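In the two assemblies presented below, chain A is common to both, partnered first by chain B and then by chain C.
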Partner chain A sequence: MIDIENLGIVFGSGKSQIAAVKNVNLQVAEGESYGIVGESGSGKSTVLRAMVGIYSHWTGTIRIAGEPLKAKRSVSSRKHMQMVFQDPYGSLHPRRTVDDTLSEPLIIHGLKNREDRVLKILKEVGLGPEFRFRYPHQLSGGQRQRVAIARALILEPRVILLDEPTSALDVSVQAEILNLLSALRKTHGLTYIMVSHDLAVVGHLCSRIAVMNRGEVVEEMSEEQMRSGDVQHDYTRQLWTASQGYDRAALETFKEFA
Partner chain B sequence: MNEMKMTGFQPDDPNEDPLISVRDLHVRFSTPKGPVHAVRGVSFDLRRERLGIVGESGSGKSQTGRALLRLTAGNGTIDASRMMFDGMDLMKAGAKTMRSIRGSQISMIMQDPKYSLNPVLTVGTQIAESCRRHENVSRPEARKRALAMLETVRIREPEKVYSLYPHQVSGGMGQRIMIAMMLITNPKVMIADEPTSALDVTVQMQVLSLLDDMVRERGMGLVLISHDLNLVSSFCDRVLVMYGGRIMETLDAKHLDRAQHPYTKGLLNCLPRLDGKHDDLPVLKRDPAWLNETQDLAGEAGRR
Partner chain C sequence: MMSETALEQKSGSTSWLLADSPKNAFQAKCQRVYIGWMAFRSNPIAMLGLAIVLFLCLVALFAPLIAGGDGTTQDLANRLAPPSAEHWFGTDELGRDIFARIVWGSRVTLYIIFLVSIIVMPIGLIIGTTAGLLGGVVDATLMRITDIFLAFPRLILALAFVAVLGPGLENAVLAIALTTWSPYARLARAETLTLRNSEYIMAAQIMGASRIRVLFAHIMPMCLSSTIVRLTLDMAGIILTAAGLGFLGLGAQPPLAEWGAMIASGRDYLLDQWWVPTIPGIAILVVSLGFNLLGDGLRDVLDPRSSGGH
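Moving on to the complex of A and B:
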């Protein structure tokens, strides 16, 4: 479904040039859920942003269902891939109702039966029709993220890119959103790429996980490896250990990976 | 015994008086939408230990921390039948006394160093200022102590970092600088409100180990406020679990699995686990009765 070869993105020029993503290769099968973990600045979000077309100056090839993506996207090609952002407090327009937010992608893509589609999608993400004319400030964080997921899903895409979809939420709400995401994937046969700094969250939703550090994928692990901690690369092991909680003894072995 | 655990009391240790002792703390805010009762009858003692306060957003955990320093916003009021710090009654202390306590005796570390450091002063100046504000020392002396402090918080090349501005340092380093600023006055109690939430996991561990050392070496009391139950339980000695402005349960951090209260159990269960399967996570169901039950117990404890 998704085939990325040799992806590279460079920001800035001259002295302050930074290669945010270097030589990233990944293959994701249809209906698979793929995770990318890394610390801040590792380039994990940048990969998603290049895929969805927010950054256009990437190098390499990105193929979605066999079709190579170009730097300039057509409106119809954007329909197949949608993104859910980290912060539902920032990603929803504060002065537009849920109905406006959900109708806009339909208008852009010229789809009919807007009312039916909006009501149907609200139901699917677990919000009743009473939420349709509310503003974001009348919703809780979890409800907002449900609206953001509904907005991505309303175009019936085949690929959904999730950029830290639960890191702004409380743990109990996070559980609800993760359950919703895995249920939606099953019913619609969606392909996910999920980015997170939280190994446990990615491990819950994804079957294969790439670990990124400084713009490069250092290791790709299976879910079994992630559960047992049987990983090859030192950086992955360090990340895995740190995710287990505070451990004074293990901390002594930590080092910088440049 | 169980009842005492629930309200956050521990049998008094005859060898040691608590550094901070709080009974029946209430924080109320008056807002345009009506009164908000953020903290409802919280009681606990802090000794020379690492005490964690865990809760979700809106549980009143941060307001509890702020109330100890009387840093509640202007539209809020604090009530407590007792709020003692090291023999002083914080409820009766005037504004001037509070200023002398804040920063020098009890200090507070905020969540994000990006917003809590002054962007137009070098970090070194800010650390030295904290020292000069609370103690009568000369500028060169304050500078020397600030440099020593930077070294204590394991910053390499303190001379170089001293003259950097906050935007030139990373998040982890910023938080170390905050810690240096708070520790330079040798406080007896440190309140850390989500000190590591904005940081990467490995940096998080490094900052925590620093706090750990400081508590051990200086015999401080530490209150760690966080939403992360696993992190807090692996770091602290004792954990208070808050919900709806009340303490639901007090736990020995080593025995989190012995949690009795359904809220604590629910919180633990809804976390995705590294060794978990892909099944649906159990969703936390909130029982409105939780908001009343602890109040009864707190009342009993108050009478005792």
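Moving on to the complex of A and C:
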């Protein structure tokens, strides 16, 4: 479904040039849920933003269902891939009601039966019709993230990119959102790519996980490897150890991977 | 927000305005306005400003009834009369009733304010948000033009415009508007730059929204409130500039009652017949103050960080 070859993104020019993503290759099958983990600044979110076309100066090839993506997207091609952002407090327009937010993609793509579609999608993400005319500041963090998920789903895309969808939420709400995402994937046959710095969150949802460091994929591991900690690369092992909780002795052995 | 019990005790319309889950878009908008109004109402200084501005509007609306004359009738036998029961604010050098002229002058003031607002806001907003959103060459070009307008002293540039266009109220308004829009463009651009990289703008782009849609539907509503606040705070300056142009004989032409022109023609009598220039001066002061206080109150209510931030 998703096939990324040799993806590279460079920011800045001259001396301040930084290669945020270098030579990334990923293959994700239809209906699969794929995770990307790594520390802050490892380039994992940049990969997603290149895929949805926020960054247009990438090199390499990205194919969705065999179709190579161009730097400039047509409006109709936007339907196939949508994204859920990290911060539910920043990803909803503060002056628009839930209804405005959910209706807009339908208006842009000229879809009919807007009211029915909005009510249906709200129900699917577990929000009642009473939320339809609320403003974001009248919603909790978890409810906002549900609205953001509904906005991504309302165009009925086949691929959803999740950029740390739970990291701004508290732990009990994290579990609810993860369960919702996993249920939606089953009912709609969606393909996910999820980015996170939290191995536990990624392990809950994803069957295969790529580990990124300094813009490169250092290792790809399976769910079992993730559970057992049977990993090859030193950086992955360090990340895995860190996810097991705070340990002063382990912390002292940590080092920077360039 | 109020507690549940307090809500239940309220009457029907208030509970409709404070209902937890609005039934339609209209109710949601009304609720937003009402909650803003409650915040505004708790600020007595802002309410005083609102009262002054509303009073100005009412006076202008009912000017023929209040003034009891057209304010241009001359009575040379009764010139420079002090304030009395017949002429509340006295009469001027041509024996015209100053009270009537002040009342009619409120229409001129409101007219100037209205015209300047509907010219300045769209120009400033469109130039600023376009520059901020598109960036690059467009941004550089638009901002250098803005810089040129910013660099001129306002009154001098207005004088130059009026000198070219000819004296008169409409030309004075146009001159004021052309010299006032530049700070608004700057303000709108600065806000657009902070909004441009926000996740809700990215989400709109990902769903396929065109740049025009992003500009008008997403960015402008966010810039609108700070522009309105800035405009109300600038109103005092606009009124004073209009009065200044009137004072120099470049604004409203006689016999039209304009407060600045009234001060100009009355300044010779300041020592012996103080009321002739002082009364229009007080009128300008009160209205300027009213708009400033209103602007301060609106800033607290409309600030997106305080009303919709969390």
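By definition in this document, the second predicted complex is superposed on the first by the 258 of 258 C-alpha atoms of A that agree within 3 Å, B and C clash if a C-alpha of one lies under 4 Å from a C-alpha of the other, contacts with A are read in each partner's own complex, and residues count from 1 in each chain.
The working rule: contacts are C-beta pairs under 8 Å (C-beta built on N, C-alpha and C of every residue); 3 or more make two chains touch, one makes a residue touch a chain.
These numbers were taken from a predicted model, which means no experiment stands behind them.
In the superposition on chain A, A:95 makes contact with chain C only, not with chain B.
With both structures placed on the common chain, the touch criterion links A:87 to chain C but leaves chain B unconnected. By the touch criterion defined above, A:174 lies against chain B but remains apart from chain C after alignment on the C-alpha atoms of chain A. In the superposition on chain A, contact is made by A:197 with chain B only, not with chain C.
Of the two partner chains placed around the shared chain by superposition, chain B is the only one that A:226 touches, whereas chain C remains out of contact. When the two structures are aligned on the shared chain, A:134 is found in touch with chain C, with no touch to chain B.
Of the two partner chains, chain C is the only one touched by A:151; chain B is not. On the side of chain B, the complex with chain A involves touching residues 56-57, 171, 200-206, 208-209, 212, 227, 229-231, 233-235, 266-267, 270-276, 278, 280-284.
Here chain C touches chain A in the complex through residues 20-25, 27-28, 32, 198-200, 202-210, 213, 217-218, 221-222, 304, 307-310, going by the rule given at the top. Chain A meets chain C in the complex at residues 49, 52-54, 73, 75-76, 78-79, 81-83, 85-87, 89-95, 97, 99-100, 104-105, 108-109, 130-131, 133-137, 148, 151, 155. Interface residues of chain A facing chain B in the complex, by the touch rule stated above, are 39-40, 141, 170-172, 174-176, 178-179, 182-183, 197, 199-201, 203-205, 207, 223, 226-229, 238-240, 242-248, 251, 254.
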